[in-house]
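In structure tokens below, several structures.
Same chain, two partners: subunit A is paired with subunit B first, then with subunit C.
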Partner chain A sequence: MHAVEVNNLTKIYSGGMKSGRIAALKNFSLNVEEGKIFGLLGPNGAGKTTLIKILLGITSATHGDAKILGSDVSDYHIKKHVGYLPENHKFPSYLTGEQLLKFIADLSGYETGNINGRIDELLEMVAMFKWKKTKIKKYSKGMMQRIGLAQAMINDPDLIFLDEPTDGVDPIGRKEIRDILSHLKSKGKTIFVNSHLLSEVEVISDRVAILNKGELITEGTVDDLTSNRELYRISFEGDLPETILTGELAEYSLNRLEDKSYTLKVTNVNSLNDFIDRVRALHLNIHSIVPQKSSLEDMFISLIKESNGKNNK
Partner chain B sequence: MKTLLRLIEKDITRFLKDKPGFVLTFVVPMVLIIIFGSIFGDNGSPRGKSSIILVDESNTLVSRLIVSRLDSSETIRPVKSYRSEETQKEVKFTETSAMKWVKEGKFAAAIVMPEDFFTDTSTAVKFKFYYDPKNEIESAMIRGDLEQNIMSQIPRLLPVLIQRNALSALGRDSVKTIIRKIGGVLDRYLDIPVDTFVNRTMNIDSSSLYSKSVGTSKDGNILSRIVKFDSKQLVGEQISNPWLTRTVGGWAVMFLLFSLTGAANSLFEERQEGTLKRLMCMPLTRTQILLGKYLYTMLLGVVQLSVLFFFSWVFFRVDIFSNFFNLFIVIICSVAAAVSFGMLITSVAKSLSQAASISTLVVLIMSAVGGSWFPTSILPDWMQVLSKATITYWSVEAFQQVLWRQSSIGPIMINIFVLLTIALLINSFALIRFKKGNIL
Partner chain C sequence: MKNTWLLTKITLQEAFARKNFIMFFAVSSFIILIIIAVFASTDLTNYTNISQMGGDQFDLRRKVAQFFRVLIIMPLFGGGLFLAIFSVSSFIPALLEKGNIDVFLSKPISRTQLLLGKYFGGILVVFLNVAYLVVAIWILTGVKFGAWEADFLLSAVSITFTFAVLYALIILIGVATQSSVLAMMLTYLIFFILSPLLLARDKWETLIKSDLVKSIADMLYYIIPKTSELGTITKDLALGNPVDSFQPVISSSLFLILTLWLGIFIFNKKDY
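Moving on, here comes the complex of A and B:
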């Protein structure tokens, strides 16, 4: 069973007389495996928030199906097993952190045993225990994110939606949040992260999906998506003679690195094989060939530009 | 200077783009001016007629003259009969039935011309005026209108009275002799033929009394001593603080509408701060969320009205306990309708500021035409029709019934029905919009 299953989802907003109809999602399909951290990426207006609103039952799809934890999103009972950290949330400022967690626990249908113990445990986890009696209005932005994360976990959910979870959190806090997410994952929880911080998503996510203008551009593991099929790092046994570099291998784009290895830029796999044949013909031994990775951010920008280019044609 | 102009331009642009602010600054005052102008202004719409019961038990020439005058009045609508519930036929009002209807609050006043209307020798004509001063303005206006209508007939009534008394006391021949002698004087000095004067004076054409022309109020004032108004208050004589008892309901309803609309509009605040979104991600139905808001707002309204009435009792001796059960029922029904009004505004507005400006405008209009500020009977006819489409009207009327008239549940059933129907219809509409996601 997938934690999230989305099939041919379309959402059209009626924007009134002036703006007409706006398709926020277009025939969108996606599956998220249980027990994984899934990152949802996309530029502003890509449809990420709409997708999450549909999955959480806040709005309904125009066409298509969406399921969470095996149940249709319209079944509100399933939300007992779902946690959610909204973006830019403002919890009732007159509550203390402890009162907020109690309030959310009551409404989330959390019935298992000692709620006070659960609250203390979560407050310890997000490093907010000593602020539990302080009113939320006195919390900093980072503290708000931490208490937000705690309330998303209060009902011990199997699926947690996090909208910009590290927004406003300092680097140390981010590391702590990453550790919390890893801990949750180790307990078999599925985490669905929507974030602009690509470096964060890159570090924590098992799989990512990229949306643009309501369509799925790509989806896969972070390794898959960041692997560059055009750039390789090659190391040889011993030094490569300069005469060969400027002679027999002059037609290849080789750059020497400080550790005496080289980067090779090719146009496709055939070019790479041609290069290997040429090197072997020169009786040189190749020690390793490793495809080079680009960052998730580079890949994201490249894909979005490519997608926009196609759409503009 | 240029800097200042730029700053002013910035604020003007900002104001013009702030539609709710624009509504509160210009539209609300203009609407209120229209309403007040229509009621009190010289050039406004004519005031609607006040319905009163008219009973003519005398059935004399003069009483028929008064009936005729009141029938053509521009301010009074005399009602002479009612449809019997038993026989389903029109039945003429009697003094007793008129008093009963006034006591029940179906009419504000009744004017009775008793059998001795024109035969009581202590006065020329005698009226009985029964009234329910549930609203001072209304009572005073009805009394004033009646007196003006009746007094305006006195100049034409007077010759008839003089002739009648003279004939009765002296006999026809003696009267004729006196008139002929007076006619001789007039003939000598004013050149009026004696026979013409005698004929006119001895043969007063009673039909002329029914002509449309009326005397002036000045004439009426001079001759007012020959008319006796026997006034009797039928309701509220024992009430210790009549003014507040009559008006507290109106003010209570207005502030109820303001506060409950604000409470319902808090859905917008919860949407802005993300609380609503978070609630919708919990195992709750939209109906539960809306019901929670509805019940909270209901509770707030009931507590608000209870505190207000209790306050009136503590400090101003407004009697709320003699008829407390019925008062509480009206409180519940009024609050239910007021909450639904708040829900309606929330479901149609697009933002908190828009909701606030719409609700301010509508609550003030409803208060003005619904009877919170002044009785609906003094409004122009078209406004009186409009008033019945407001929550305020049905609520204020019900509060007056239970507080002023100490009414039982029967007479306020229609009010209860209307208020609960409004609540049911509007809440259903709001619920449908909420479930469809139109509010979020």
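Moving on, here comes the complex of A and C:
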């Protein structure tokens, strides 16, 4: 069973007379494995929040199916096992942090003998214990995110949706949140993160999907996505003679690096194998061939540009 | 049921966090203190002399007690409901604010339970405030005049019921438009203008020649909640008079059920 299953999901918003109909999601399909951290990336307006809202029954899909933890999203009882930190959340400002967690635990149907112990444990975890008797209206943005994260975990959920969880949090706080997410993963929880902060998603996520204008551009592990299949770093035993570089291997795009290795740009894996055959035929020894990685940010920007280019044609 | 009660409780907390209901409570307490002061500083014979209505002593005492009760209840019906509508009109738009509604809808509760929780919470707040004043007046007039008609206590139910009818409309408008101002204005329009005007339509319809206008007025009379007649029922209960007709209660109940159902229906269909 997948924690999240989405099949051909389409969401069309009616924007009124002037704006017409806006497709927030277009035939979107996605599966999220249980026990993994899944990062959903995309520029503003890509449809990330719409997807989460459909999965939580806050918004309805125009077409398609969506399931969480094996149940259709229309079955609200399944949300007993789900936690959610919305973007720009507004909790009842007249409650204290402690009261909020108690209320959310009750609302989530969380039944345990020691709810106060659970509240204290979570407040300690998000470094908010000393503010537990303070009214939420007095909390800073960073504190709001921390208490928001605590409320998303209060019912010990199996699946947690986090929409921009580190928004407004300082670097130390971000590190602490990353550690909390890793801890939750180690307990077998599935975490679905929407974020603009690519570097963070790169660090914590097992799998990543990129969404643009309601369409899935790509999906895979961070390693898969950041491995650039067209660029390799090659080193040879000994120096490569200049005559070979400009002669037999002239048709290949080889660039010498400072450490005497080379980068090779090829169009596909067959081209790489052709190159290896050519080098071996010249009785040269290859020491290593390593695919080169780009950062998630480089890959993200390049894919979004490519996607926008296609859409504009 | 458990979820609805939880939301009712949180609505109570929200109401007390807003200063309006504390103010209402403070005003009620102030009125109670004034009455205590008036009763403590005057002799019972003063009231019986004022009445000069003949009959036995107990009957006179009862009438004076009723006079005080109506003196409190009728302004409570008008002014108290005015304040209550003002206070609760923002409940639904505040619930539906982005970032707030997401939290509630992501929990294992149905939208119907959520809206009913808000509805019952608002009613409970008003009932507690109204009951506080009504019971206090009943005890004070009872102690002072020895008149303990329990029917008077029903006026708290009658006022709360009138509020419940209007609050259902506030919920519907709040869900449909997310505007507290519009919800408040339409409710005041019905409570203070349309209902009294339609009740007295026999008097002004003679001035109008158009049958169409008369038909519309008649139709509106049966559709719109009969808050003016509910006021009359409240007054009868305060005076210890029998209630002539329960037709306003029945038709207003139908309005309540219909508007609340429509509000829930729209809420269940909306995207947030």
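Criterion: the second predicted complex is superposed on the first by the 284 of 313 C-alpha atoms of A that agree within 3 Å, B and C clash if a C-alpha of one lies under 4 Å from a C-alpha of the other, contacts with A are read in each partner's own complex, and residues count from 1 in each chain.
Here is the rule we go by: contacts are C-beta pairs under 8 Å (C-beta built on N, C-alpha and C of every residue); 3 or more make two chains touch, one makes a residue touch a chain.
Keep in mind the model is a prediction, meaning the values are calculated, not measured.
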Please tell me, clash or fit, for subunit B and subunit C sharing subunit A in the overlay.
clash
First (subunit B), second (subunit C), both or neither: which does A:Y94 touch?
second
Is A:Y76 in contact with subunit B, with subunit C, with both, or with neither (first, second, both, neither)?
both
After lining up the shared chain so the two structures overlap, which partner does A:K293 touch, if you call subunit B first and subunit C second: first, second, both or neither?
neither
Using the touch definition from the top, say if A:H2 reaches subunit B (first), subunit C (second), both or neither.
neither
Is subunit A touched at more residues by subunit B or by subunit C?
C
Touching both subunit B and subunit C, residues of subunit A:
56-60, 76-80, 82, 84, 86, 88-92, 104, 107-109, 151, 161
Name, in rising order, each residue of subunit A that touches subunit B in their complex.
56-60, 76-80, 82, 84, 86, 88-92, 104, 107-109, 151, 161
Subunit B residues touching subunit A in their complex are 272-275, 277-285, 437, 440
Touching residues of subunit C toward subunit A in the complex: what are they?
3, 6-7, 10, 13-14, 17, 97-110, 271-272
Interfacial residue positions of subunit A with respect to subunit C in the complex:
13, 53, 56-60, 76-80, 82, 84, 86-95, 103-104, 106-109, 151, 161
